[in-house]
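Structures are listed in the sections that come next.
After this come two complexes, each holding chain A, first together with chain B and then together with chain C.
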Partner chain A sequence: MFFTSGISANELDTNDQMRYQSLIQEVRCLVCQNQSVAESNAELAKDLRREIKLQIQDGKSDIEIKTYLLDRYGEFILYEPAFTQKTFFLWFSPIILLLMFYGWFRKIGN
Partner chain B sequence: MIPELGQIFLVAALASALFQFLGGISPLLNKIENIETFIDRVTTFQTISLVICFALLTTSFLQDDFSVLYVASNSNTALPIGYKFAAVWGGHEGSLLLWVLILSLWTLLLSKDKALKSSPDLRIQSLSILGLISLGFLIFILYTSNPFERLFPIPLQGRGLNPLLQDPALVIHPPTLYAGYVGLAVPFSLAVSSLLTVNNHQWAKHARSWTILSWMFLTGGIALGSWWAYYELGWGGWWFWDPVENASLMPWFIATALMHSLIVTEKRELFNGFSTLLAITAFSLSLLGTFLVRSGVLISVHSFASDPQRGLFILVLLAFFSGSALMIYSVKQKKNKQEKLHPLSRESLLLLNNVFLCASAGLVLIGTIYPLILEMLDLGKISVGPPYFNFVILFPFIPLLISIGVAVFSNWSHDSKNLIKKVSPIILGAIVLSLLFPLIYGWASLLTLVGVLLALWTILTGVSPLIKNQFSINKSMTYMPMMLGHIGLGLMILGITVTSSYGITFDDSMGIEQSSTVGDYEFRLTEIGKRNGPNYLAQYATIEISKDGEYIETVYPEKRVYDSSTMGMTEAGIEANLFRDLFIAIGEDIGGGSWSMHLQYKPLLRLIWYGPIVMMMGGLIRVFLSKRTIGSSQ
Partner chain C sequence: MTRRILPLVIFFVLMGFLAQSLFDSDSELPSPLIGKSIPQFTLQNLITEEMYSNEEIIGEISLINVWATWCVGCEIEHEFLVELSQDENLDIPIIGLNWKDDDQLAKLWLNQLGDPYSIVLKDPEGKTAIDFGVYGAPETFLIDSNGIIRFKHIGPLDREIFERDILPVLGELN
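Let's turn to the complex of A and B:
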């Protein structure tokens, strides 16, 4: 790891600062209770914040950074679950539920 | 001696709960004289026993009696006295005692409900069901979670209260939330009691005020929790879709639906079955919430003192109460009164909105338990967090907000004529006003504009009865609960939309006399030092905030380390007015006299909490009005 003890993002320009803020909110701190790395003061969270900042400075895209985190830590690290076979029902639940409840509405209504 | 006395009164409460339950089933078998007097007395006796129990446990806390395991685990001598009171419900055992105490208070209040006395069967059965619920929880307390358990050898010092809980908002947050959760047992008991006895729509009239009261507490409890998370968790977020937050949001959605469905059941004798199901679901979700918080099956920042075995017990109680209620429903529920609904009539639109609210609760439920299910099926660990919920909740909420405003203009039993003509000036007004927002704050996205538009639409349609009555408060009094409820919701949606779209979050490093700029505001660090609190050591900073060179305010964010814990606590420095919040929290020392700081500018953030307050005022007026009309009709 690099020899910097703190993480300040003031070297990032406005656009990168926004990307940095939204990325760290989407990444879960793996050693905490349910907290994102933005919120946590755990060492791992600090390391991850630094890593994300460095990758932004290296010109990596959001997708590249997320892929890096996924490969390294697994699906658990991202608060937005990927659309895969096992999250199929999760992602389609808004449509399924609305149709189901609409059917129910029609049934009660008539 | 005091803990043993507490133990005795706990058993006495258990016995009265048992008799309260039996008193209700006995008339089903054979008529007993004076059964009402009997059940009223045991109800009162149970409440008194639990009040004494609670007072005795509080006494043990105030006396620092560390021979009581629960006191030793949740308090110590250095704890400020105010927090010793709060520590009574700071852990698992005490919060369960609070749970049954609140249940018994609700039960006592229900037994004093004058209007309900005209339906003795309904009344006795619902008190009996409440007695059974209380019995279940009292067995649970005595069997797994006794707050009066002794500890030997007696330690000289207690472990202390979780620092996160040492905060004024957290003193009133749990009782408020619990009052809401537990209060939903009242409409539940009335609904099931109705199925068992008279089996008609009568219960709706009685359940309305109770539902509104519990809904008010639930609203207040959730808002308080959000406010607390904002200033205490140190990161300035106000909603994280954490499992424990979700656990309180689900019953809120259903209680909101129930409140509206009961209007139709009372006024039009329609949807009796639907209202019954909502009443059962609302309380079941309260129990599910208690289970999620207490069992620790889900990882959450809010879960204090959890234990899987105790979780299992609550799950059994949940299965028993919801299962039997649903069984009774499926056997007893008569077919709905047949009536063809007009699609734009008020009853039809209320039903539609209630269905959207159910869908919202369903989505939150799926998102909350999905990772749990995948893990049980050995399909790996995933996280479902804010990006997911913020997206899916739009599906039911956008149509819901559209139709709320239309429902205000609809009529009972038939399609309203000239509906389009009536709403078009308001739509126009909402569009014009919403265009001001990009002018003030700049363009963000189409979704932002839609959010602002829907919020203004909800507010303006909420205000409309007042306009129609030439701004006479007296004439619009009967509409006041609806007006305040809808205006409050609109304000909250406006706050959420504007703050999420135009808020600025910024991390920066600051040294003495250095400043950082967020939006138009300049934060200047002038001093950093240490101070001693009653049971903690704090690192504080002095920050001067100014705008365009003009001084606004000085704030003092802190980072505390409590004696009883190694974890650092953040106390943010906040400068707030109606239009914006300025927030600064101390991060870590990065050497060379510099500190990392977390800064925020959040426009209209306060509306997220003022909205719920306005909504609660609407509920309060409704309860007050209903008491007055009942009084005058007698």
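Let's turn to the complex of A and C:
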């Protein structure tokens, strides 16, 4: 298999190409923190894109590919943090804050 | 009164958290590979061009240093690595992982700046580097005699970091 830059996903069929695009949007490039792999040109980003594409072509599922990345880079590599005990507050803080503000405004209103 | 002050208190607590993470320069990410065996690989020796597997490089406590000639931080730490390799009291082999580099440039670099490595394996595609969870050179791993990763340092290594972070782990291993 030959990859020129690892950026084009032409060899993938439409469904796989959509999976590829969505996966690389989710993966955070670690060299240029806070730039997702899709918009980053760093060498590592290219390598990661190539790896993701290879694994899609190998028939790996999204979960398998994400596990592959998580095993090596940890949770930080995915933009969306996994739902764990540690990130519980992170996920629910908007709702908690909303309820707090609701309660507070109601008190003030009275 | 308290009702009016409460939002202000919450505001300042939040500001406190944000300020803390702003000034928290220690942005190093923990590696999920600590405590795990080094990944499987078969890589070519830069100098002899022989193939080496992960099994063949383990057996004693050693450092694995990810470097490249294009990497600025690698140039900074190189002198210290040479120093470290000549330290007879320590006697710890440094295994080089030459990451996405040009063979000729890499050899030239070692000729000119000195070769601190017991062996240099090349990873031109960067596949093994991904398996090591590398996201920027230089990175240095401390592995024990069973090939388990015990510590990882991201960025140029120097004596201060070595003595502060790596020596204690070495002490535990010996």
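Some points to look at:
Heads up, the rule we're going with is that the second predicted complex is superposed on the first by the 102 of 110 C-alpha atoms of A that agree within 3 Å, B and C clash if a C-alpha of one lies under 4 Å from a C-alpha of the other, contacts with A are read in each partner's own complex, and residues count from 1 in each chain.
As a convention for this text, a residue touches a chain if its C-beta (ideal position, glycine included) is under 8 Å from a C-beta of that chain, and two chains touch if they have at least 3 such contacts.
Bear in mind that the values here come from a model prediction, so they are computed numbers and not experimental data.
Counting the residues of chain A touched by each of chain B and chain C gives the higher count for B.
In the superposition on chain A, A:104 contacts both chain B and chain C.
When both complexes are overlaid on chain A, the residue A:72 reaches chain C alone and has no touch with chain B. Once the two complexes are overlaid on the shared chain, A:48 sits against chain C while remaining clear of chain B. By the touch criterion defined above, A:88 lies against neither chain B nor chain C after alignment on the C-alpha atoms of chain A. Legend: residue contacts after superposition of the two complexes on their common chain; A:21 is shown touching chain B, with no touch to chain C. The residues of chain A shared by its contacts with chain B and with chain C are 33, 74, 76, 104, 108. Residues of chain A that touch chain B in their complex: 5-10, 17, 20-21, 25-26, 28, 32-36, 38-39, 41, 46, 74-81, 86-87, 89-90, 93-95, 97-98, 101-102, 104-105, 108-110.
Residues 30-31, 33, 43-44, 47-48, 51, 70-74, 76, 104, 107-108 of chain A are the ones that touch chain C when the two sit in their complex.
Against chain A, in their complex, chain B makes its touches with residues 233-235, 237, 240, 242-243, 271, 273-274, 298-301, 303, 336, 340-341, 343, 348, 351-352, 355-356, 358-359, 362-363, 366-367, 370, 374, 379-388, 392, 395-396, 505-509, 516, 568, 587-591, 594, 596.
Residue ranges of chain C in contact with chain A, taken from their complex: 3, 6-7, 27, 29-33, 100, 125-127, 129-136.
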